[in-house]
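Next come two complexes built around chain A: one with chain B, the other with chain C.
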Partner chain A sequence: MNLRGPAKKALTEMPSLNPDRLLGLLFVAVSVAVLVLWVPNDIETGLIEKVRRQVRIGDSMMPVLSLAFVIFGAVLCLFAPQRDAPQLTLAHVRYLFALGLVLAASLLVMRWAGPFAVDLFGAEDTYRNLRDERPWKYLGFVLGGTGLVAGIMTVMEGRFSGRTVLVGFVASVCLIALYDLPFDDLLLPPNGDV
Partner chain B sequence: MKNLFTTTLAAAALALSGAAAFAEDWAPPGPIKMLIAFGAGGGADTQARMIASEIEAATGWKIIPEQATGKGGLNAVKALNAEPTDGSAIAMIVTETLGYNAAAAGLDGPGSATPITTTAGTEMAVVALSSSGYKTLGDVIEAAKGGADIRFGVMSPALAYLAYVIGKENGVDFNIISVRGGKAVMNGLNAGDMDIGFGAGIQARAVAAGDMVELASAKSGPLAGTPEAPELTAYNVSFTNDTMFLIAGPAGMDPAARDAIAAAFSKALSADGSEAAGFITKGFGGVKMIQGDALTTLISDSFTQAGGLLEASAE
Partner chain C sequence: MDLIGYIGLGISAVFSGPELMPGVPITPFMILAGFFLGIVVGATPGLAGPMAMAVSLPILISVFGYTPDALLPVLGFMIGIMKGATLGGSVPAILFNTPGTPDAYMTTLDGYPMARAGQPGRALRIAHVSSATGDTFSDLVLILCAPFLAIMVERYLDLPEKTALLILSLAFIATVIGRSVGKGLISLGLGLFAVSIGTGEDFYPRLSMDMPALATGFSVTSAVLGVLIIGEVFKGIEDYARAQRSGQGLQAPRMEGPQGLAAGDLRRILPYIARSSVIGTIVGALPGVGSTLAATLGYSSARATHSRRDTQPEFGSGAPEGIAATEAANSSVSGANLIPVLSLGIPGNAAAVFLILAMESIGGFNPGPSVFRFSADGVNPELVIAFGLFTAMMFANLLNWTVGGVFMRLVGVMVRIPRAILLPVVLLLTLTSIYVGDPKMSAIWIAIGFGVVGYAMRRIDMSPLPFVIAFILGSRFEDTARQSFEATGGNPWFLFSSPVAASFMALAVLIVVLSFINKRSARA
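Let's look at the complex of A and B:
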């Protein structure tokens, strides 16, 4: 990604790009969203409630207090950032973007490789019904897990090699040996959620 | 106890006779997900896993247990209703989930899941340490009227309201302490942090050993361990707690799947040498299976009574 002109200037010179300010902004936004959307819609009782003639703390109290502390910290970061904090550069953004991309792609492969294979190879059943059957139950975990480990190593090292794929594959197989083979009732990801 | 076990099994067998042939033709399309609304390692969780294991051995089905705790079983019901209705997902909850807990949450309890079978009842009693000197709930009420601060341990919202109504109807104000699980109530009593508390059956050994006393039956009918203990109606309370462990499917579940799963539970728990049945007898007073129309009526009544309890305890 090559930025030029005003965009590059914005990324490298604007004071608002101080990482503390960005973090502050991010956490204020997320906290306010949680406070406004999640708390009233998913928590049944308010800050306090009156039950059986007694006033007691409601289920919303702890999340609201926690969010208040997060917002307080985020506002401090926003308005009083460290002056000598390292500046956010294009390299940082690219690194974070690549890492996010690897995570998202690997999880998508982990979730959908099994169902896709079932569709493709004509097993006359649904993946849900085969989620505890070999080899179907391993497909997503092995492909997604290998991709995840290899992808993260590639991003960290800045170059791709076959060794990263081998490490990812071995790591996935080891996890299968550790968690799947000894336990009948344990499902590997993503099979518990399909 | 043996009579109760035999009677309930016979009733379940009778209720299922019409559906048996139909049920035998049904097999799950894949593994059955069993959501367990109780913490891992507790009595209810152990019960569910033991039954699942015996059904697997008897039928060749695959059952995969999974914890889905919280909100008195309503989280499990919510998760259950996100699953297919073809019999590939069931949940172990309690009748109180579709009764009081659903009513308190403003849900349509009987309509929010498909009841399949109960597995065990509870011996719900108000208990105290023998060393407390209390013989009946009346003694406790008298002590409270005399100015004693009575700490009443409860392990569910419905029981908290029941404790409140007991106090309200008798002109006393209990200090109600809500804890997680019957074991925590027993611990609270033994540690002296509570004066009285509800026990759902966990108190049986302590009562038999003479360490605890059942002051009143909080279920409909006499207690197995202390048949002479008065019922709550003796204290002007018309509500009871007849919680039972319940296996349910998603709302709108395929009736063939429901009947086959109910039959599989009956078969597993009535098999000679069933370890699950032995565990239930020790921990919960015996296998008690109610299915079909009788179960539908039980859930419906439980929901209706919950509305009354909520109203009675409203301030």
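Let's look at the complex of A and C:
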């Protein structure tokens, strides 16, 4: 559509919403929603409670007070925004998504590689019983840790190479040497809660 | 026991405590190790003292356990890191124009031109003398002021006044840090809200939505490391990916002529060191105001004096006074920052947050006014630890004056470690460290969640420090408020029930209003 005259002028001169104002609006809305929907339904006592003729501060006071701080701060952002306020953009969200994928994949490998290997290679025991035995206890950490470092290096450098895997492997082995070899009581992930 | 007796016990606790091997006490060794590690970390752009403190804490606790004997070796190591990192930050700033820590940015302005002019050794020596002087001065002020402040607080402040003081501190931290008062208050509120989840006095853990993961609340380690360290790493990864820059290809400056301090250097820089030390100490004693501001104020003040005197070279072109003013100011923050920690139990910066975390994790030492209680009958063990800490700080200063300068000149190579390797390894190290301290995969996921919060805060120019300090102080704030309310018989105006409490509250409001007006006019 080709706009002309006043319509075009109105559109091009329409002030865009300052990122701070947007932030203020968002925090006011979310805080009010939390105050109205979450706080009253998920806390047993109100702001003040009376126990055996004694008046006490209830469990709701702290969350309500904290949300009051948030709302006050958000209102200040709304009415006195920074002129050059930075904002979260779609590019930031895309980056977080990519990073989240790398982290999720590597942590899942870290969690399940050990139990999977025990099942696959027929050790007649469960991973839970073998989690303090070499090499089983290192398997998940080394594979997941290598994947995490290599994946993030790939995100940073924009390309995958064997060097990223080597760095990840060396880093994981060094952390085993730092945390596991000298200390019997420290557990590497995921061996504390499998 | 009297003061002299406690000082003697404190010194003895450091030098005659548990032994590493026969005849070698462990605490001085740990201070030395922490100090060297701190210099290495400070000299590595992308790493910072608090990161090293965070990842070493679970290892230290595993080595030393949860006994009172562990306090001085662990805290000594962390104090060593804190001091070493400040010194190390100037090395890449001078040699490669790359500040190792944010507060060393101003050091690049004169340090790098001096290094480019063939005198990197002289620049490093000026930085070392200034940093060590500022640090020592600040520690002396801490040792003199913290006990008196604590005694005053304990003698004159009752529960309502203590609650009002906590509100004043939180308001100060929220409004002074960062460029926006509104965002500081949001960060503070979010920190208080996060610490509310899964806690409270009712049988049902509040705001837990019947989820077991929320019912126990967020662990301090996951929240603090997530927001402070992982958030920073996430931002660093993205910045690198966009800029595609690395530390490779940096050219070490050539050396021409003598590299020691030139004749008259000390006389020239001493007045600047003195003034910056005072500025840094005052700034450091205020909770939440960091060493970067101290360095900026110290440098600006010195530049004004320098231009009036018309001395050559000018600031920005290799003036020794510029290096001295910056390094003395940022180093004198570290000791003074512990004044609110030891006297009030309020952390003033990220390093202090990790010191408090260490104290809380080990137990047996609760920073606050009660530490400095001189009892006529018997010995107050917390006071012995406090004087042990002072001794550890002075021992670290001794190391700084003697071996610090030599070691800092050796670590220039650290700047060559590519960030593309450093940041992912730091992330894996931090996640492993969190798991080792709290062996549940959910702790890692929660820390990553807080990391996303910390990343988003940095991207919208919201300081994460009010969040972290509110998270740490939140439970104490709530407990004190509950006790005050009950002690005053349910008086809803208990925060205004005494002139002192009312003054603190008025001051809190005044600080918010003045900060808002100042920051708004600064933007206009």
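Keep this in mind: the second predicted complex is superposed on the first by the 100 of 194 C-alpha atoms of A that agree within 3 Å, B and C clash if a C-alpha of one lies under 4 Å from a C-alpha of the other, contacts with A are read in each partner's own complex, and residues count from 1 in each chain.
Basically, a residue touches a chain if its C-beta (ideal position, glycine included) is under 8 Å from a C-beta of that chain, and two chains touch if they have at least 3 such contacts.
Note that this is a predicted model, so its numbers are computed, not measured.
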**OP:** Figure out whether A:192 sits in contact with chain B (first) or chain C (second), or with both, or with neither.
**Re:** both
Subject >> Partner chain in contact with A:59 - chain B first, chain C second, else both or neither >> reply: second
**OP:** Using the superposition on chain A described above, determine whether A:19 touches chain B (first), chain C (second), both, or neither.
**Re:** second
Original post:
Taking the superposition as given, does A:157 touch the first partner, chain B, the second, chain C, both, or neither?
Top reply: second
Subject >> Which of chain B and chain C A:145 touches, first, second, both or neither >> reply: second
Original post:
Where does A:175 make contact in the superposed view: on chain B (first), on chain C (second), on both, or on neither?
Top reply: second
**OP:** Would you check which partner chain A:68 touches, where first means chain B only, second means chain C only, and both and neither mean what they say?
**Re:** second
**OP:** Kindly classify A:44 by the partners it touches after superposition: chain B alone (first), chain C alone (second), both, or neither?
**Re:** both
Original post:
Hey, is it chain B or chain C that touches more of chain A?
Top reply: C
Subject >> Where chain A meets both chain C and chain B, residue numbers >> reply: 44, 185, 187, 192
**OP:** Could you pull out which chain A residues touch chain C in their complex?
**Re:** 19-20, 23-24, 27, 31, 38-39, 42-45, 48, 54-57, 59-63, 65-78, 80, 82-83, 85-88, 92, 95-96, 99, 103, 107, 111, 141, 145, 148-149, 152-153, 155-158, 167-168, 171-172, 175, 178-179, 183, 185-193
Subject >> Residues of chain C touching chain A in the complex >> reply: 58-59, 62-63, 174, 179-193, 196, 200-204, 206-209, 234, 237-238, 240-241, 244, 419-421, 423-425, 427-429, 431-432, 435-436, 439-442, 444-445, 448, 452, 455-456, 459-461, 470, 474, 478, 481-482, 485-486, 489-490, 516, 520, 523
Subject >> Of all residues in chain B, those that touch chain A in their complex >> reply: 29-31, 49, 62, 64-66, 84, 88, 105, 160-161, 164, 173, 176, 313, 315
Original post:
Considering the complex alone, what residue numbers of chain A touch chain B?
Top reply: 44, 50-53, 125-126, 128-132, 185, 187, 192
